[in-house]
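Got some structures for you, see below.
The same subunit A turns up in both complexes below, where it pairs with subunit B and then with subunit C.
Let's turn to the complex of A and B:
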């Protein structure tokens, strides 16, 4: 039996868990192709025009999987992975949204409503076990193993690897040393959701582009979960979405502890939580002196636009660093 | 203290509540073009439309010197829960000292609720406050009842504008009330006013009915939704709105396991299509759509602010749901760019379509004609039987003659 996993939304973050889980259960998994223009166009054609870009891409991937002839499409419904912290409403309604906009899609739903980051709670995966006809005991052992794999995967991420690189280390036999980069004098915090940063169609390989400009990149998934809790009490009102809260907290950690020289916020057109989080970050860290740029991306965004803006932003930061250094040297000579 | 609140639908209830508690009320203006421009200028770009309108209203209130703005909070996945925080920051950036205060869910954090309530009570003792609350509730409940009626009979007014004029009078009458008895008296008077307005007579099967569902702020505030209800009424269509302040309060205060108010049952009826509420009113709205279909409504108008998170989930489901229920659903997403002519044109086209659909159902087809002949024959048969019975028993006053 083939289970299809769309390469969209939270795929890059939970892929190791899902792959490990379904392989332990003895299913074949099929991952949809990387996002391309035709694939995305198919998604746009079936989805309501107003909805945010990542959901359109998700539907494109679902159609791609159906063309590949899978039996089930794995489409978890994320509600909670932490108490009092929600997912965006579109995640909560996602399975029905997919079923109704892509007719004939056979959706395999996991009800993620638990208090663990790795979602490996047997309660959440009970509907999956029921639909696939697996005994719960088998599911429990498989989940336990998958959770261990996920923890290992997150360890690699904390070493400073991107999610793609960590997955390569996990499954393709690459070693951590392959991805060690030279330390540059400029560090930029790149904040944006998994799909905004890692989907090559949305982000247009922004991490690679930044590294070519001799910049160290930090994303929120490289930070430890405990680190993200550090400044949570400073919020004027809790930001009650899981990943938007992570973004906000990572921005505060980056500015206060990691001394980044600039922050790029990458967001998709029509993203609801980002409209709030962007404003909060802009307002709360206005006095910190760290430059902040928002990149908004939709199906019409051109690659040269992105390139130009990133280059201008990094040039400005590098010039600032140089200027500060010069002034300091002059001051020292005077003394 | 100078207190204000966002303008949402009929604000008489809030106004009376604040006045009774001894605050000076800064009345918020009806959202105008200036309000929306101010809001769009100082709000984050991609935030939903209600936020922008409320920002505009708050700025206008702050200009007039309001010290405290009271609003409702939330902690669900809808963006509305973050409104007060961002509003506060926007006002702060603009240099106003106005404070935004919210009522959060009292079942979640009761002590915080008591704290905010105490501040608002302004030293009034608890029994008096309870009395005021009962009065305000009666006021709001009666006004909502009248408004529901207004939206049905306004469709058949002979001289256009009569009912809207009368409604303005009624609102000012209610503003002068002081006790529950006053409210009841005014309610009776208002009903008399309604009855005195000339109306067309319509047969039951010729009534065209439309339900309005959507995000609570845009369906309640007529200036924001470009007077959708009045436009529909002027096209001869009855309107039923699903959100009123009194209903909202009942839905949130009365425990969920009780069968009343109706919104609790409606909430559960959409389990098949939306198993979990995605925040806001999306599950309830889906339930209302099913309810309207069950009651034989001719169509549903779905209003949502541009990029509203929960309503977008509904929007994605509506094409399939509309097909399944065989009921037309029109979605209008509203933002500061929306023009009244746009809404009018689309609603005219929609009402023409639902009218032709409604009457085509009633037009006789060959099957229908055969059915109606059969029915007629059966009726005649029963009548004949009755006549026979009457003749046999020969009572003093035969039943058929009395009619």
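Let's turn to the complex of A and C:
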């Protein structure tokens, strides 16, 4: 019995949990290939045109998995992982959206409606247990173990590893030391949803590009979920979507506590929540002196467009650091 | 005389400047590229050589900027290849050290740069569409049958205000047709268009930014007095147009080249010589079948089949095979 997991949307964040869970239950898992042009094109072809780019990519991955001959497509419905905070409607309707766009996709749906960041509440996975014909007692045990693995994975992230790097430590025998980078004089907060930052087809490897420009990169997933709550009460206008709120709170922590010198917001064209959250961050922190840049990505974005902007942004910060240093040196000589 | 050169290869124009050691601009040329940026780099360099009568040894360093900066940098042998924001800001700060806000509108992009104490502290570039840039005006000028050079002056003669929807070229066009049918004059329509462009620019780029004087307006579109007036009405302050407004990017890249050469005590710049520019080179493209990404790879090849530059491969398989990858200094 093969369970297919699309390498899209929240994949990089929850993969360790899902992998651990299904392996503990004794199933074989198949992950779709990395996003490529033909894979994405297939997704675009079957999806309604109005919807955002990441969903089109998700459908491309579903098709890819069906070509690989899996029995189920694991497609969780994310509604809540925290009280009063919702997922975007596209997540809430995702299983139906996939079934309608890709006929014959046999979706395996976990109903994520709980108050746990790791989603490992047995009631969410009861429909999965039922469909796979496994007793709930077995599911509970497997979830407990999976939750522990997820917690371990998140610990690696908190050390400053990207999700990809943390997964390599978890599953491929890499050590944390392999990913320790030199400390540069420039630190940029890169905020964007999992898929915008980690799908190389969307992000065009932005983390790598920034590191090549000698920049330390902090992403929201490197921060502890509790750390993200620190300034939530100061927020003038609560954001009631789960991940958009995480982005806003991470910007807040990065600016106030982590002394980032700039924030880059990477967003997919047509994202509803981002149109609010991006502007809200820009407005609320306008007086902080930390520059903010939005990078908007869609199906037609060229790589040079992205390169020019991140180069200009990094250049601005580095030249500022240099100038401030020069002025300081001149003043010291005068004294 | 010794010179630093700056080349700005944009979507619509290619600009070439020469500057002496004391920052005096000795030569500047704004060339409409008509889709032939490489040819116009050659043309510009040849003209420069004739105009100031210099030889290869007189060139102390070269900087390139603009969307074609990489390619041009390879062709001429640039010492510095810089993004447009840094280049524009550098030039502006040289001429107007107290500048706080730069409006820059070029052929297909527009930017705003916020400066403080002689440093760039914030900037924005247009994202998805070219509405509100030079190409948009070009297109409308053509449709109205008014030469683009007279566009601005005509706008200043308008007696009444008329509001044109400037969010998108397509909407602007249908709105203009409607307003013409109501009987508004060409001058009024053009003024409306200038106001719409500025409104669009401010909405897209300047939201949540505090705009402070002195305001500087540069880029090819700054030649348009109608747009300048519309900017002044919008910000309620005088807007300064620098003397070399349409070649500021090129000047900035020359200044950056000078800084780089002097700071690193470089005695021999990368410049390949004027003769090299007379060589033939042509771009070719192919779809790589190495993996399922199927990247469109673009290569520039010289007449003796040497690969000068490669773009477009995601994996970097070809990028290392060109001379571009071996050029230093950035």
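Here, the second predicted complex is superposed on the first by the 335 of 335 C-alpha atoms of A that agree within 3 Å, B and C clash if a C-alpha of one lies under 4 Å from a C-alpha of the other, contacts with A are read in each partner's own complex, and residues count from 1 in each chain.
Quick note on the criterion: a contact is a pair of C-beta atoms (placed from the backbone, for glycine too) under 8 Å apart; a residue touches a chain by one contact, two chains touch by 3 or more.
Keep in mind it's a predicted model, so treat the numbers as computed, not measured.
Following the overlay on subunit A, a side-by-side fit with no clash is recorded for the pair subunit B and subunit C. In the superposition on chain A, A:273 makes contact with subunit B only, not with subunit C.
Applying the stated contact rule after C-alpha superposition, one finds that A:58 touches neither subunit B nor subunit C.
Within the superposed three-chain model, A:289 lies in touch with subunit C and out of touch with subunit B [touch as defined at top]. Residue contacts after overlaying the shared chain place A:195 against neither subunit B nor subunit C. Of the two partner chains, subunit B is the only one that A:101 touches; subunit C does not reach it. In the superposed pair of complexes, A:320 makes contact with subunit C only, with no contact to subunit B. Subunit A is touched at more residues by one of its partners, and among subunit B and subunit C that partner is B.
The minimum CA-CA separation between subunit B and subunit C in the overlaid arrangement is 5 Å, rounded to the whole angstrom. Touching of subunit A by both subunit B and subunit C, each in its own complex, is seen for residues 269, 279, 283.
Taken in their complex, subunit C has these residues touching subunit A: 67, 82-86, 117-125, 127-128, 207-210, 291-294, 311-312, 314.
Those residues of subunit A lying in contact with subunit C across their complex are 33, 36-39, 269, 279, 282-283, 286, 289, 291-294, 296, 298, 303-304, 308-309, 311-313, 315-316, 319-320, 323.
Of all residues in subunit A, those touching subunit B in their complex are 47-48, 50-52, 77, 79, 84, 86-90, 92-93, 96-97, 100-101, 236-241, 269-276, 278-280, 283. Taken together, the subunit B residues at the contact with subunit A in this complex read 44-48, 75-79, 81-82, 84-86, 88-89, 93, 273-280, 282, 306-310, 312-313, 315-317, 319-321, 333.
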